[in-house]
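Here it is, the structure in full.
Per-chain residue numbering starts at 1, and chain names A, B, C, D, E, F, G and H are given in the order in which the chains are listed.
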Amino acid sequence: MTSGTIVIDQERCKGCGLCPTVCPQHVIHLLDDQLNARGYHPAALVDPEGHCTGCGICAVICPDVCITVYREARAARRPVMA
Amino acid sequence: MVATLIPPIEMDVIYERPTALSPVHTHYCPGCTHGIAHRLLAECLDELGLREQTVLIAPVGCSVFIYNYFEVDSCVAPHGRAPAVATGVKRVLPDRIVVTYQGDGDLVSIGAGEVLHAAARGERITTVFINNAVYGMTGGQMAPTTLPGQKTTSSPAGRDIRMTGNPIRMSEVIAQLGGAVYVVRRSLHDVANIRKAKKAILTALKVQMAGLGFSLVELLSTCPTNWGMSPPEAMEWVERHMVPVFPLGDFKVTDAVKDL
Amino acid sequence: MQKEFLFAGFGGQGVMFAGQLLAHAAMSAGLEVTWIPSYGPEMRGGTAHCFVVISDSPIGSPISKHPQAAVVFNNPSFARYEPIVAAGGVLAYNSTLITQSSQRTDILLLPVPATQIADEVGDLRLANVVMLGAVLTAFPALPLDIIKRALEEHLPERRRHLLPLNLQALEAGAAHAQRFVQPA
Amino acid sequence: MARELMKGNIAIAEAAVRAGLQAYFGYPITPQTELLEYLSQRMVELGRIFLQAESEIAAINMVYGAASTGVRVMTSSSSPGISLMQEGFSYLAGAQLPCVVVDVMRGGPGLGNILPSQGDYFQVTRSAGHGDFHPIVLAPASVQEAIDFTVLAFDLAEQYRHLVMVVADGQIGQMMEPAELPSMREVQTVGPDWALTGARGRPKRLISSIYMLGEEGEAFNRQVQARLQLIKSREQRCFEYQTEDAELLVIGYGTAGRIAYTAVEAARAAGLKVGLLRPQTLWPFPEERISTLSDSIRACLVVEMNAGQMIDDVRLAIGGQVPVDFYGRMGGVVPMPDDILAAIEETYARMTVRVRA
Amino acid sequence: MARELMKGNIAIAEAAVRAGLQAYFGYPITPQTELLEYLSQRMVELGRIFLQAESEIAAINMVYGAASTGVRVMTSSSSPGISLMQEGFSYLAGAQLPCVVVDVMRGGPGLGNILPSQGDYFQVTRSAGHGDFHPIVLAPASVQEAIDFTVLAFDLAEQYRHLVMVVADGQIGQMMEPAELPSMREVQTVGPDWALTGARGRPKRLISSIYMLGEEGEAFNRQVQARLQLIKSREQRCFEYQTEDAELLVIGYGTAGRIAYTAVEAARAAGLKVGLLRPQTLWPFPEERISTLSDSIRACLVVEMNAGQMIDDVRLAIGGQVPVDFYGRMGGVVPMPDDILAAIEETYARMTVRVRA
Amino acid sequence: MVATLIPPIEMDVIYERPTALSPVHTHYCPGCTHGIAHRLLAECLDELGLREQTVLIAPVGCSVFIYNYFEVDSCVAPHGRAPAVATGVKRVLPDRIVVTYQGDGDLVSIGAGEVLHAAARGERITTVFINNAVYGMTGGQMAPTTLPGQKTTSSPAGRDIRMTGNPIRMSEVIAQLGGAVYVVRRSLHDVANIRKAKKAILTALKVQMAGLGFSLVELLSTCPTNWGMSPPEAMEWVERHMVPVFPLGDFKVTDAVKDL
Amino acid sequence: MTSGTIVIDQERCKGCGLCPTVCPQHVIHLLDDQLNARGYHPAALVDPEGHCTGCGICAVICPDVCITVYREARAARRPVMA
Amino acid sequence: MQKEFLFAGFGGQGVMFAGQLLAHAAMSAGLEVTWIPSYGPEMRGGTAHCFVVISDSPIGSPISKHPQAAVVFNNPSFARYEPIVAAGGVLAYNSTLITQSSQRTDILLLPVPATQIADEVGDLRLANVVMLGAVLTAFPALPLDIIKRALEEHLPERRRHLLPLNLQALEAGAAHAQRFVQPA
């Protein structure tokens, strides 16, 4: 049911941990064992089974605008913040 | 670490960076909701097509570098004086959109007089007011919005309201002024509230476009660093402690605004 | 003789405390000393650093363009300070976290897997003390004993119970550095 | 244009209008209030911007905002109000914004009184706010000069992207004299290439005075200092009277300088070889001319309506070559020609004795 | 008391407490905020008054109110905040109220940055507000001096009923050094005979700075000037190092002076006859000592962390007898000993050539 | 002309000069109600026996010389800063009575920030606020309280509310603040209202004596000189034009105050 | 019915004309033909028939505190401003 | 030659206007002139005054310690300015209102029942013009004709219809003063 996905700009990510708390599908996690160039543990989509719905909730909360959200092409576009 | 920025094939972009935001890193602490407020404002500027006609007035506070983050003309005001600076700009350029972005120290403390008078005059400007109950930039001192009992670096035993009074609810104060036509308080502590916050900013900008008067959107915001909390804890603290003291709501929406 | 140290890393890596410890120790050794942090908003989310200058005569500048010893805890600090270490000086760096390397031949390069050593000692947060032990072995501005006394006196109350681990970390850092130092 | 009988405050206001003033922000304070009052009518008639601010701090920050858009903008005040604008001045300097500030000085310190004074000399020439900068400071001594210097102020402000102050005192502000106004200039419509107008079809612009890194801060300050040097080398102005063969040089500006003129006239009539140099720019101070004259004079008398402030600049210009005496009145007292004449005679006598000895 | 490792800002705060500080009002600003933060705890513990004001303007006016009651009172800020206090300073001077103001200077103009600077020299020594007055200005160069001068500041303020400023820079505020604190003084309970306490059983009292008539204003100003002269004659202070046989005199205060010390040491080691004079009072400026030394030196080098402000005072003190060179860093940059040494060598070389020629 | 000051025989004195007033002439213009406000304050100080423990903070405005007129200790604050000065005095002398007396230019315009914060902190001071809709001392410029359309020397065509907003109702604004416990508006335009004004001042002082918080009494007042009216006309103008814009009433009277 | 009277300090009086407008007995008038030392036409009690009741209303409105009010000794005292 | 006038009286007595009229006249006569008022709060309820200086060369001070002509309209002004009139000068005063007298013998004392004369002319408010006519007769700094022209040009719009009365008042003042002036 891969209806959506996200791309996280991990160099921009500050590992604040907000997106993992809001994702309804629990498919975002902080990479505790990795540091980006600025010293943060970035968030990553860990979604092997394609649970991400492209709902965009993670993007709504991300203070660093790291997340681009995609959804299956056929899905009717619904702007995230309308 | 290499960030994967290649878009997935055959999918539509549902959400991406607003073009009003510059493609740079911000200096904000992890999880600081200043970042969310920036994004919302940028999205609104994009949606209303205002980027090229906006002048943004930066405050002194953590958001002093906001000019680095927006693709708009901007001007850094002295601490607290953004509404006066905005007045100067707007009077000369009445058909541009002038937005001040101010923290609670900036707007409620040192700059109380300036915002009060800009609102009273009905300056056709929009103020985004980030209330994080603390002076973020200087390291977490007490603000006029600090909660009773809240520990800060200048109220180490907790804010003593007998000596410093209760927090000032600035939106309620500003709503009293004739020239203020749209004054609301929203919060950034969760997704639903963030969405409402965006709607409010959108309305505030429309109020300005219609030349109706002064508009202000207060946003309850976090300062995980100076509150000594993780970002998710800070979000919860806003909901549990700030919202009861700073009730969310519309303090002034004139009929003309409702008609927009 | 004036001895200048720079400590640099991310906020939270204990950089400031390592410097203050050294300063306290120098004071109790009856020397002149200054400690000065970088301060203010540029710290936010970035790197923090402090200088410690120790001398037997009045100290003019608490800051140095070319410190004799630099103790760096992360990549950005390595990049920024590696070039400025005084010729003949020491660059101690936390090699667990720092992936860069230096081409300089006029200084002593002292890689210390400090986070790893600290982990072995029992607390990751002790990497700063490990580094201090290491740098003072390579650049013996003060005997380690005085640092130990300073630790005893200045460890914050809430970490007082970690004193034994701190002393261990200091020793471990020193032991590691011993290898890089020419036999006396 | 014909000469009209005009009050100093009004003359400055109308001169600013004719020089293309597009926006005025101010707060009432005696003895400059007529300037604001006049503009409250005049600017509105012309469809230009007049706004009474809620305070001097708001006024100077409105000026800062309006100046950011590249238009000709002005405020005016008197001593206590000028004190309140110091942070704003520093920001204007830090952001390199052109604007004109009129200070009609009154007696201080504190609330003091509303009488004429020159007690703000240090404040305007030395440290109109924290950090290293000097406004250009023009000091008119008559209603005509008040007009001319106001126009000049706008031109200099724009030419150097700099803060220019026109510094008068209550007497010049309140006095009526015949003077001639310039004709009305066209208001500029195209702003300079740094002005904030909304980033339509061009890269965004920024007006700010932040330089977080020391190197940036220093580089910016170097640029400011270079500009100040340029101004110093080009813009020193003074008025001279009978200086050619003077042995005693009287130096005074504004009202003090004007009254000194009468005293010097009288001294000449009495056969004393006295001349007058009246600085018209207080910053840059006309040090070159004074330095040159110091080769030919034997003494100098500084006259001010304060406890002795410009005297530092005179001493610096003269560099110890000749003795510098001082005659000053304070707290709102304006010296009379006789008073200054007496001071001239005293210095003159001392000078003569000195040579004899 | 034993020496402790102390941060400059904290040391000033604790020294003030021990000197009998009864009321503190302030507003946060980097790089002095720790001072306020420390007092927010310490004063409350002691049952004394601490209040974070809503602005610098409110802070200085609270100081004005508290000082009116005759107690020891203080505020602290940094450059932009000091600009905002100018009107308040002038009122304090006009009302002859004692109080202590700490300025931990940062890079300007405008918002500038939070790095160490000496850009406020003119502002604090020349014109801390409109009208004729000078605060007493003390400039510590170490944490120990910061302590000592804070105590001295309260004593001088009370002795002369005058505004006293302790002027440091971000480096002194932020630096830790070993230093010794004085012991705790008793807090005074009986106020001076001008203090406002309610007119119980005595004639009413007034704290004001209004002098509506010129004569009143002048009489008051004369009194102020007489007091300033007295202060000038008594309170000039400086630190000297190797000045006895110096041919080149280096002059610098605060951080710049302290760093110059190292450079002078190095110059001496290299055999150059260089001495250091470090003004500890910026107003009154130690002109007497400098004037005396100017007879024995052949050149002078002024070192500041600004574009050259104190250099005016040095020139005035020296009166053109020897050339005065300048080495300055701006915008938050602190010179290094090497930089100053290079400047010393340059001036020294020029001086030698000059003599040979 | 010799004034008859010999008291009639065999009569009781029903009213005479309060002792808190100094026996001097005031500089006020004929019919200026500043004089009435002075007298009321003096009567209240007399009645409460406060003269010897009061510190009066004078503003900058026509009442700057108030210290000449009261037999109390006083202090002239910089324009608008009386509440901050009063705070300094009161914090050091918590058992004295500290009163600021301020005009509308002083309190509403330049000093808006200071009064707002003193009220928010609940400073235990009393403010007598003289609203005469104009800057009296400097010759009648527009104030933030000037009525719409009112001609002043800086709004010669009448106050244009599109450019300068509507008048600020400061009492209503201050009533919003937590530390303000007694905030009322009265008028001095006739005998009945003057009597009510006095009662309010009396209450405000009692509030301070009881240490309850910040108290403010706004008094609608005349400026015959700058309004260009005779004193009786000016009184009528207050009633007909000012009272409708500045409604008389109690904007905040906390329960503790009611219990006094 | 002389139950009361007033004494006006005419040197202090500024001739503002307020007391005449409020006196219920209409017994106060401005002296249009006299000027005091400061150039004002002072108010005067013109009460040949003793209409003044000593009500004190004039004193309540006088901005210059020129008026002292008296009432017949026997009358119960009622403070003017109570 | 410099001629210095002082006009003083209560606000509302037309003191400022009399001075300005003189200044306008001087300007149209091609002379240098300054006019300066007393200003600010000390005016409130008190006396107002202005100085007029007329000269054929640049004027230094617009104020004079010892004006050659003082024109005073009320008792307080008489008291204040009578002593300062320059020796040989003129003190013109409105003798309808001023009850004081002078002992000075070194000046010309010119009592003018100006209010009365103005009343006779038909408007009490013209006392100021009467005084101007009088003083210029005793101290002929400018010919009366120039004042008349100035009146024509500078009478405010709303009083324009009073021009004939003004001219009459000027003449009446001059006529009155004629008596005190030594026949030329």
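Keep this in mind: a contact is a pair of C-beta atoms (placed from the backbone, for glycine too) under 8 Å apart; a residue touches a chain by one contact, two chains touch by 3 or more.
In this text the structure is predicted, and so the values were computed from the model without any measurement.
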Intersection of the contact lists for subunit A and subunit H: none
Target subunit G, source subunit C, minimum contact steps: 3
Identity of the chain that, by mean CA position, is farthest from subunit E: G
Centroid distance [mean C-alpha coordinates] between subunit H and subunit F, Å: 41
Rounded Å distance between subunit A and subunit D, as computed from the means of their C-alpha atoms: 60
Geometric centre distance via CA averages, subunit G-subunit A, whole Å: 84
Where subunit C and subunit H are represented by their mean Cα positions, the distance between them in whole Å: 87
Where subunit A touches two or more other chains at once, by residue number: 14, 35, 37-38
Subunit B residues counted as touching two or more neighbouring chains: 28-30, 64, 76, 78, 109-110, 112-113, 117, 137, 144, 163-164
Where subunit E touches two or more other chains at once, by residue number: 30, 51, 54-55, 57, 80, 87, 91, 95, 110-111, 208-210, 212-213, 334
Subunit A-facing residues of subunit B, complex: 1, 3-8, 10-18, 21, 25-26, 28-36, 38-40, 43, 190-191, 194-195, 198, 224, 230-232, 235
Complex contacts: residues of subunit A adjacent to subunit C: 14, 35, 37-39
Subunit C - residues contacting subunit E, complex: 20, 23-24, 27, 32-37, 39-41, 57-65
Residues of subunit E that touch subunit B when the two form their complex: 27-30, 33, 36-37, 40-41, 44, 51-52, 54-56, 80, 110-111
Complex contact set, residues of subunit D against subunit B: 22-23, 25, 49, 51, 53-55, 57-59, 61-69, 71, 73, 87-88, 91, 95, 196-201, 204-210
